[in-house]
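Here chain A shows up in two complexes: once beside chain B, once beside chain C.
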Partner chain A sequence: MDKVSWNLRIVAEEKEPATVYVRKHQFRVGVPLQFDPEYQHITALEYALGALSADVVGGLQAVSRRRRLKLYCIEAVVSGELNNPLTYLGVVGETGNPGLEHVNMTVYVSSTAKEEDIREIWGEMLQKSPLVQTLKPTVKLDFVLKVTA
Partner chain B sequence: MTKPVIVGTVLYDPKVAVIWGIISDFFNENGFPIDMVFYSNYDLMVDALLKRNIDIAWNSPLSWLDSQMRSGGRCRAIAMRDTDRDRESYLVVKADSGFKKVSDLRGKSVAVGASDSPQATLIPLSYLQNHGLIPGKDVHVKRFDILVGKHGDHTGGELEAFYSLSRGEVVACAMIDLNWQRWTQDGTINPNEYKILATTDKFDHCVFTVRQDFPADLEKRWLEVLFSMSYDNPKHREMMDMEGLKQWLPGRTSGFGPLGDAVKTFHFFKGGEI
Partner chain C sequence: MSLLPLFPVTTVGSWPRPPELLRAQRLRQKGEMGEEEFNKLADDAVLKVLRLQDEAGVDMVTDGEQRRDNFYSFVATKMEGIKLMTLAEMLDLVEDKVSFERILRTLDVPSYSISNATCIGKVKRARPLAVQELKFVRQHTHKPVKVTLPGPYLMTRSMYLPSVSSKVYRTKEDLGEDVIVTLREEIYELMEQGADFIQFDEPVLTELVFTQGQTRTFMCAALAARKDPAEELEFAVSLINRVVDGFHRSRLGMHICRGNWSQDEATLLRGSYHPLLKYLERMKVQQLVLEYATERAGDILHFEGKELGLGVVNPRTENIESVEEIKQSIERALRIYPPDKVWLNPDCGFSSFSNRPVNSSDIAFRKLKNIVAAAHSLRT
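After this line comes the complex of A and B, so read on.
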């Protein structure tokens, strides 16, 4: 099989957030990370956490459809911690790195299906998730699945 | 392009960088570009000031003394917040403890902050010593060394000292007046359950510091911009609230006496143990 690749183009102009062009779409990304809650753009780190969560939620939907399992609603709450955010700011004397070290995610699934069936597709989704499989070797991923009727 | 003046500060929490970002933008907008350099501890920042890696240091009171000591008195205090002047530290006890005077603490345990906290350790312990209670001999000292090197900026040790009092492990704890005000307002401390047993002499806190040879014209222009911040301007007020001031004032050195005495008493810069 030929290698399959995904191609994006990203452009940043002075003081403006970067614009990502992908297929026929585009979106804007702010600075890598930001500590000001009033910052006006979505940061690269927030997009990364959002992408990981969307991968999990969307993956769960996709697998459930294949298994003809009805999931009414899926919601994920995610938080990420860096190894040492002060290194991103270049604080002299700090050690470590600004990489993601730990991601906590709680996924709420509303369904009348049996919980054991949902847990089975949860396991399958994790195996097939591109981003979970990418991050798993280097980032501590604590995911919790909560099923409600 | 004008060469930016380089300002150093110690950063213990990334959120503090937001404040310095606003200050930096303010200087840039006023035609006086500054670059910020962050340090993990005051020792490194004083090194940088004296090695000319930075032009201005946002010193803690302890690092001000350190700068002066290491430079042989060749540093100048040029600006400080209004809230840096005339601070006090309190020795706080339980309201029903029956303690009425400092000497009642003889033979008891007192909780303090980090070993290098001027407000929560050095000045209060020096106060006890000046009132006849030698720390470690006449009073047992329980110290909370959280983030040593940041000179008590991080209030974690000070807060742990209070929690130690609330748990009954000690009979008194030390804290700066600003934290007493904050914690009695936000519910951390119930002011009906605790009281101030003693108040230290007034002292000054942080101060912008330059080397003696920092060019006078640069200093004058830099201070003009700094002092032009106005609490009446909503754009400035946000930062000033975050940094805890209503006005920038000229630096002064008359308020470092109590800490200077404490440093001598405990041989702090010679590795003395409290």
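After this line comes the complex of A and C, so read on.
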């Protein structure tokens, strides 16, 4: 198969959040990261964590459909930690890097199927997830699957 | 109704459901299991709960709320104008999103697992709420029966989600009018069918007085923006008094606690009933079913003209309170109440939410048994 690439265009006017153009869609992204809970836009870091989690959730849906196993609902709760966010702010004397160091994710799956079957799907999804596989070598990923009724 | 002994022992309502019934509830909600099949499983579960209460020596039984998904939202399928919405469906609509997220994280539950009965249309009682439950229990026990219902304030408050409900009811108070009608129809029928005790659950009243400026811990209360607590409590008093007006055949009670969703006592509300006293005394119910087995509830108070349903065991702990400890609790109450005004019960149900039991059936049984033993030894 020829190499396929995914193409996006990102435009930022002075002081405005960036707009990402992708195929027929577009969305806006604020600053890389923010400490203010009232900040008006979604940050790049939040998008990254959202993308990783949506990859997991969407991956579970896809694999379960293929295996004809019914999952009523999937929900992920995520939190990410940087190695040292202060280096992003340029605080003098801070060492380390502002990269993602640790992502905690709890994925709840509602299903009346057997738990072992769901765990098998979970394993397959992790193997096939583009973003999980990208981050795995450098970021500590603590993922927990919880099956509920 | 058979005559009750001194210190009648009863429960606050719910009992842990067996796993097959939980699965059936899920299938039923998804429309993948018919009513008949579900009822068969639920009947078996209720019979087992009745047997356990009988064995423990309880004086007044409940059906353990086995058919309900939780203590208040089960009414959704029995009322017009109410839709059972999962929090997942409602996240967009809630006003206080930050509180919501905090509660969900503390609970360690997905938003899809918690449902709320939400007002989306003109509210009306389409089917009886609990009458069929009562009829079934009546057929299988000779003991007096207690029926639990969500109280009118809890119903009104939790059902009113401004962004969807205001199209039908301009205010929560307007919705309250139809909640009153619904509950009055239900009480009338429950009394006709010989309910010995009707208990209204109003846990959210404590939220009004204990959480000013703090984290909110009742999911159903976090839906709408907060109002002045005194005003809300007055509203609660007027609702309950209009609901029960003129009904005398069964004993009426009200259960108020500080939440029953976590085994971690530190996450539950704390504070004496004192700020609620003047409101509770004005509510026209005979009995207040209160939690007193946890030090979070403070000292036992005297409520003028009321019977006390004294909480003597904590439904959320694995530790089984000894007969001696329970007797001491009863003796404390007897310094304030005459013996014929004291009933005994756990602090709350053992599984207010079907998918979140706070104890096993076995521990629940052993706790009840010790309450019965304590009652026996004080009767002689």
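As a working rule, the second predicted complex is superposed on the first by the 149 of 149 C-alpha atoms of A that agree within 3 Å, B and C clash if a C-alpha of one lies under 4 Å from a C-alpha of the other, contacts with A are read in each partner's own complex, and residues count from 1 in each chain.
Throughout what follows, contacts are C-beta pairs under 8 Å (C-beta built on N, C-alpha and C of every residue); 3 or more make two chains touch, one makes a residue touch a chain.
In this text, all values refer to a predicted model and were calculated from it rather than measured experimentally.
Once the complexes are laid over each other on chain A, chain B and chain C both fit without any clash. For the superposed model, the angle subtended at the Cα centre of chain A by chain B and chain C works out to 80 degrees in steps of 10.
Judged by the touch definition given at the top, the superposed model places A:Val77 against chain C, while chain B stays out of reach.
In the superposition on chain A, A:Val31 makes contact with neither chain B nor chain C. Of the two partner chains, chain C is the only one that A:Thr148 touches; chain B does not reach it.
In the superposition on chain A, A:Ile42 contacts neither chain B nor chain C. Of the two partner chains, chain B is the only one that A:Leu86 touches; chain C does not reach it.
Legend: residue contacts after superposition of the two complexes on their common chain; A:Ser110 is shown touching chain C, with no touch to chain B. Once the two complexes are overlaid on the shared chain, A:Glu94 sits against chain B while remaining clear of chain C.
Minimum Cα-Cα distance between chain B and chain C in the superposed model: 10 Å.
Listed in rising order, the residues of chain B touching chain A in the complex are 11, 14-15, 17-18, 21, 37-41, 44-45, 48. Residues of chain C that touch chain A in their complex: 22-23, 25-27, 30, 86, 88, 98, 104-105, 108-113, 355. Residue ranges of chain A in contact with chain B, taken from their complex: 35-36, 85-86, 88-94. Of all the residues in chain A, the ones that touch chain C in their complex are 37, 72-73, 75, 77, 106, 108, 110, 112, 148-149.
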